[in-house]
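In structure tokens below, several structures.
In the two assemblies presented below, chain A is common to both, partnered first by chain B and then by chain C.
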Partner chain A sequence: MGMFILRRVGVMLLTALCLTFLVFYLTNLYPNLEKLAKTQGNFRMSDEAVASWLEKGGYLQPTPVKYAEWLGVVPSYRFEAEDGTVTGRCILPGMEASEAPRYCGILQGYWGWSTVFRDPVSEIISTRLALTGKLMLWVMLLMVPGALIIGVLAGMREGSPLDRSLSTFSITTTATPEYVSGVLFIAVFASSAVGLKWFKGTATSAMENATFENFFLPVLTIALYGMGYIARMTRASMAEVMTAQYIRTARLKGVSFPNIVLKHALRNALIAPFTVIMLQFPWLLNGVVIVETLFNYKGFGWTLVQAAGNNDIELLLGVSVVSVIVVLVTQLISDIGYVYLNPRISVT
Partner chain B sequence: MEDLTWTGSLGTFLDPLLFVLVPLFALAVVARILLSFFEPDTGTQANPDGTLVATGGIWSLSARIMTWLGAALVVLVLLYVVLGVVMGTGAGILGGISQRLTPVWIALIVTFWVSIHFKRRLGLYGKLFDSTIGMIGFGLVMFWVFVAVFTGLFDWIATHDALSQVSGMKNKGPGIPLRGAEQGEYPYYLLGGDNLARDVFSRVIKGSTIVIAIAPLATLFAFMVGITLGLPAGYYGGKLDTLLSFLANLILAFPVILLFYLLVTPEIVLTGLPQYMGVVLFAFPLIFFGVLIQSRFRTQPEKNSLWLAIVLIPLFLAYMSLINEDGSKISFWPLDFFDINAGILVVFVSVVFVNSPTVFRIVRGLAMDIKTRDYVAAAQTRGERPWYIMLWEILPNARGPLIVDFCLRIGYTTILLGTLGFFGLGLPPESPDWGSTINEGRKLLSIYLHPALPPAIALLSLVLGLNLLADGLREESLRD
Partner chain C sequence: MKDAHDGPILEIDELSISFFTRLREIPAVMDFSVRVMPGEAVGLVGESGCGKSTVALGVMQDLGKNGRIVGGSIKFKGQDLNTMSQDELREIRGSQIAMIYQEPMASLNPAMKIGKQLMEVPMIHADVSQKEAYDRALQVVTDVKLPDPKRILDSYPHQLSGGQQQRIVIAMALMAEPSLLILDEPTTALDVTVEAAVVELVKELGQKYGTSMLFISHNLGLVLETCDRICVMYSGEAVETGDIEDVFDQMRHPYTQALFRSIPLPGADKNARPLVAIPGNFPLPHERPPGCNFGPRCDYFEEGRCDAVERVPMETVPGDERHRSRCLRFKEIDWDAPPLNVSTKEKSEPGRVVLKMDELKKYYEVAANALFGGSGAKKVVKANETLSFEARESETLAIVGESGCGKSTFAKVLMGLETATDGAIVLDNREIQDIPIEARDTKTVADVQMVFQNPFDTLNPSMSVGRQIMRALEIFGEGKDDAERREKMLRLLDLVKLPREFADRMPRQLSGGQKQRVGIARAFAGGARIVVADEPVSALDVSVQAAVTDLLMEIQREQKTTLLFISHDLSIVRYLSDRVMVMYLGHVVELGTTEQVFAPPYHPYTEALLSAVPIADTHVEKKHIVLEGDIPSAMNPPSGCPFQTRCSWKQKVPGNLCETEVPPVRIMADGHQIKCHLADAEFDNMEPVIKIAAE
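For the complex of A and B:
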């Protein structure tokens, strides 16, 4: 088991390195840099002005060198202007060049400086991630029990009217992407045109003070899309378990149906959904981006859109590092958990 | 002219019926679900002489009530459609829409009649018509396919141009007559006007052509890539498998939206990167068909070169015209038959790129499973080449799950295209595709519902149809 985890962590690090390099490469293509220079400077910059702005920021070095600087394995670039002032990546505003460290990268714990928000990346990511964490927590609290209940109810009597209606429900939710269900929910529950106005159409106020009124719609929108998929997996797994020999034995013994479902079937039926739930995280990340944009909730997904839209290289890298780690760690947990829950599978 | 109501003159006698039937039907469904907790789930009882008798009691009563109410509802909806076709805008907005859709209704009826008539001779496709779910899904999908075809090829269904703006129609609700309509112009905005005074109905209809043109084709390309790489990875295993799986997991670990934001920007299009990716991705169909034919007819050189020529030469010409474009990074080929809009190309390439790793994983898993079967061992003993075994022994036997996944994946691609439109990536800003229209409509959602809802419902119904179709296919293919 130790070896297995070690190997997985190694692959994880390699994947993270490759992915961040890919993001780095794409954001550092010259047209992107030009756009960055123009948004930071002004839009009518001449080509020479763009080049000198980029030169000053150290953007014109070869990509592998810049990437190594960002990682913190190579001393970072410094630019000395004609009047002798030195600027560089490591020299934060209001800091003397001589005091600044030579290496500043991820390895030194320095995530960079966001050009859009004009704040350190680590600060932005931690605050935004906390906001999204709150959203995700409620999504999980709604989605997982909901999906499991639907799946178990549908799977315990395959082909019954209950099964059919719940299956139709879960197919419908998997076919409704967040931007469709979100729009439908806002239209029905939040707009003045229908007039119900039960909930608020934006979740901006939920960032400080989340209430049922302003937070339920975004949570429901994300939860529904994932719910159908997990419910279908649970249903399939439950239906399979219900045909097993030991369930028949229990029935013949005279165990009551609720007891069979709760005590005999449920434990075995929940192994498969566990992996599915863990693997849902990457999809949830997508949902978060859409829903945060739709409901104007300024969390991690919203930050991603802002960073990508403005080619904020270091913020975008920070965002991708975090999301890639989330994805890979959940994959690891799902693998380990699967082995742990199902003794028939061994890693060796 | 007066504003149209939703159902017009039909409303006086059909609407009350609808308002009675819908709650009754809902009540019956709920009652049946609740009853299923207490009553045993058997509606029929087999007698020893081989006859069947329906068991009575409250259970079968609820089942019968539900069936009848459901049938009544279907008849009612059909009445709206049929009377709408006859009466046009006399039957309100729904009538007007129904009349515009007349070619679609006719095509649907013909398709269903022919398919049901010959269903025993049509293999898996015919079996689809044994399952209600599958038929509903197929109906929904074909509805949008016909809408897209008739709009795209003949320009039949849409009432107005998708881009033209008519003064005085900004944000007007459904069924408002067109101010100053000229002779020969459709006198109404059936579903109202959006915030730029364009016809919502026509935009939804025109939007379907974009989805129906891109989504299945992109999925097909993703399948070519996934199959061509997944079969050897699963069959050979070893280092090749490790490498390819690592690459696939790499792409899968990327949040899709981040990838889109990185790939689908005008700046990236300038660098020519999507075109280079296209060069690689679009080469896979060529490789696939080349190997497919070569492995089959290797021992018959004449047949081999004939088939290779028939298939590969057109494909090669299409490939070259596809990747070449005047005024971009790649333009060396003199025979450039068609130019694809750079925005559409980048959307297409990135959708294929995002989808292929998942297909790769599915194909790899199937190949690993099937290669242990006896018929594969028999082929190996016969001395068949590996590629023959992969493409002519393993692939045909993996077709069931692959067809089901193909349907699901078209739906997923539709969702991805909508996501791209929603974030305003790739497609031109005034494009009528559903994602962009939803994005435009959502800004005024708290006041005006009509610009955002029709595209949302359209996208929902198409994806739902594809999912139901996949479900029906899965059920029917498991049955044999």
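For the complex of A and C:
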């Protein structure tokens, strides 16, 4: 098992390198850089001025060199102006060149400087990720058990009225995009249109202090969408397991129906949906964009929109590094969990 | 807990079960009666679809959503199971009536440890503690003769072999010491030697615990070995019931008689005494004929009488209270008359050698890890070890052995699906062992063809039968255009005795036997000279097997084909082959003419195989040899002789020769070779396994 994890981590690092290089290359294409120079300097810069600005920032080095600098495996680029002031990636505003470290990249914990928020990227990402993490945690806590219960209840007696109604429910929720359900919920539960006013239509205050009142609607909006999907998967897998011969064996052994479902069917039925559930994590990370915007909750998705919209290269890179790591880690967990659930799979 | 009950354990009276679809009601079982007395074993025999499993599930009251009992009663120890509530039934299931299933792997929960699955039974029914349940499980696992019970209880089903899994299923059924055990084809998925051991175990345990048994099987020989009484079913009805000896020796129903005539018993011979196939097909449940269900296929059918009644009643055979038959004419039929319209055939002489194997070897290398291996130790699986033999024109060479013996690997190498590791395959003085099938020329591909085991999977479901045969013709370069190929295809259908209209049918519209005929037609499309038939009839019903076997023989006679018949069924091998090759773990342990192999001296493995095959003839006396344990894995074969771990003759060989050295090939007689260390004197003293008692 140890060897397996070690090997998987190795493969993961390799994948992470490839993916980040790809993102790095795409965000550092010349038109992007030109746009960056113009937003940072002024929009009427001449081509020469753009070139000198880029030269000064070290943007005109070959991409692999820039990537290595960004990673922190080669000394960072420095530019000495004619007046003797030294500028460079590592020299943060208000810092003397002599005090600044030679290396500054991901490996040193330096994620860059966000041009939009005018803050270090690492700081932005950590605060935003924490906010989205909070949202995701509650979504998962609502979505996964809910979906599994619905799926198992629907799948244990295929074709029964219970199955029909739960299936209809899950198809409806999956077929309703978040921007529709979100708007609906706000209209029904938070506005004077219906007059229920149980919850708040904005989650801005939940960033500081989340309560049921201000946080439930965004959580529900995301959870419902994913819930239908997982529930359908669980139902299909459960329905298949319930027709298996070993379930008949259990039935003819005299096991009661609740015990058949809980002891015999459940573990087997969870094998297939487990991968899907794990795949929901990366989806949530980026899928929250709409809901975070809708409920004005300034989390990771919102940051991503800001970074992409404003050509904030370093922030965008930071966001993609986090996404890549989240995807790879959940896949690792899903593989290990799969081995645990399914005794027929062995990693050795 | 076991109340004293002296009446019948199970009494089924005029039971009718139907399945309901949207279109119609489909009667699956009609007017079925049987009685099981305490300690008695009753066999339920019939072809697939005759309703025997439905009866079992009816007893368990587990017919699913669509099935319903529409008439009659099922009494268990005097209580009617039909009127019981779900709770009452649950109490009986598992504790009083237990069931053993056909496929052990599928009937054990893959994600639950064996111990837990076993312990569940007493914990539900006897309300005992975890500790007591564990002790009981340990004892029962010891009872079913599994080695290292503690380790077995702590493993998952997939970690055991098929035979061990079936023993666990049996153990599970015995956990609560039930009064009635229902066995639904318990050994069909197992190898013959393993089957023999499991049957032995079931018989022994039945005696030990005094359990009554309802034994469902399509194998008459197996029923003869295990049961006291038998009930033959055909198309949803019991057609004949009685004591085993009565039914086997004095059958009083045409179907029973036809069934016996269609199975290869010792004494049957493909030339002098060929099998008699039952004509026609098994009727579908919603297409049953009026009157007697067997009427259209019956030799004694009388128009206006057999089809004039609503339903033929079950009648007692005069002079035997317990023997009953469902036939209007059984009192008039001369039961001792020899079968009609049997044509004896000339024995065809084998011609020149067309195929020669010379020290053929096939090893597989299994890397410990495919992705990051390299440094990991590589394991070599020796699937075929020095195969040498010749096959002649119009000769049938049978290759016999259990799963994992390398017979399918050999077929793959011959076909070119794999290339040989060493040695040579000589076809018409040309070495073809290193030429994969893609590189073979059309002629070679057309010459060496194969008939597959499972006709259900080997036909493309979305292409009509005629199209598939024409496609084969096209590949083999037969015929100039489609019209010519169509003509050829129709002639091939004639050859395999299928009506020409079948050309436009889809495979799903065909029965198993018809599909296998299409498979044969396809194999012979390019005028094949060597046909490898890999268990061509084992997936088919008994009555169809005879017809397909006959067809193969007939085509062989006409076309002088060399037939390599791969099988594990020694009865059929004895019936149709000229020479037999017995394989075990990649080694050829015995090779000779059919007479030589089926008579002493035997290789110890051949002897065990012969003894394991159930024979449906009360006159046959068999020597009883039960092999211990399972077939060793080819990944990790035993040292020395491959058979030494299970051999009953091993102690007759001095020293530890068997464990250290692979035995040499010894020539016993002309064309008869055995791979064994046994001394000549021991071979001379061997007794025949099968003896036919004088009448």
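Rule of thumb we're sticking to: the second predicted complex is superposed on the first by the 339 of 348 C-alpha atoms of A that agree within 3 Å, B and C clash if a C-alpha of one lies under 4 Å from a C-alpha of the other, contacts with A are read in each partner's own complex, and residues count from 1 in each chain.
Operating definition for what follows: contacts are C-beta pairs under 8 Å (C-beta built on N, C-alpha and C of every residue); 3 or more make two chains touch, one makes a residue touch a chain.
Predicted model only: the values in this text are computed from it and were never measured.
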First (chain B), second (chain C), both or neither touched by A:7: second
Which of chain B and chain C A:106 touches, first, second, both or neither: neither
First, second, both or neither for A:71, with chain B first and chain C second: neither
Residue contacts on chain A - larger count, chain B or chain C: B
Contacts of A:30 with chain B and chain C, given as first, second, both or neither: first
Contacts of A:327 with chain B and chain C, given as first, second, both or neither: first
First, second, both or neither for A:343, with chain B first and chain C second: second
Chain A residues contacted in one complex by chain B, in the other by chain C: 159
Contact footprint of chain B on chain A as seen in their complex: 11, 14-15, 18-19, 23, 26-27, 29-32, 34-35, 157, 159-162, 165, 171-172, 174-177, 179-180, 183-184, 186-187, 190-194, 201, 282, 285-286, 289-290, 293-294, 301, 304-305, 308-309, 311, 316, 319-320, 323-324, 327-328, 331
Touch list for chain A against partner chain C, complex: 7, 159, 244-246, 248-256, 263-264, 267-268, 271, 341-344
In the complex with chain A, residue positions of chain B that touch it: 29, 32-33, 36-37, 41, 246, 249-250, 252-258, 261-263, 265, 267-268, 270-271, 273, 411, 415, 418-419, 422-423, 435, 438-439, 441-442, 445-449, 452-453, 456, 459-460, 463-464, 466-468, 471
Residues of chain C that touch chain A when the two form their complex: 60, 62, 65, 90-95, 98-99, 101, 103, 106-112, 120-121, 124-125, 156, 158, 169, 172, 372
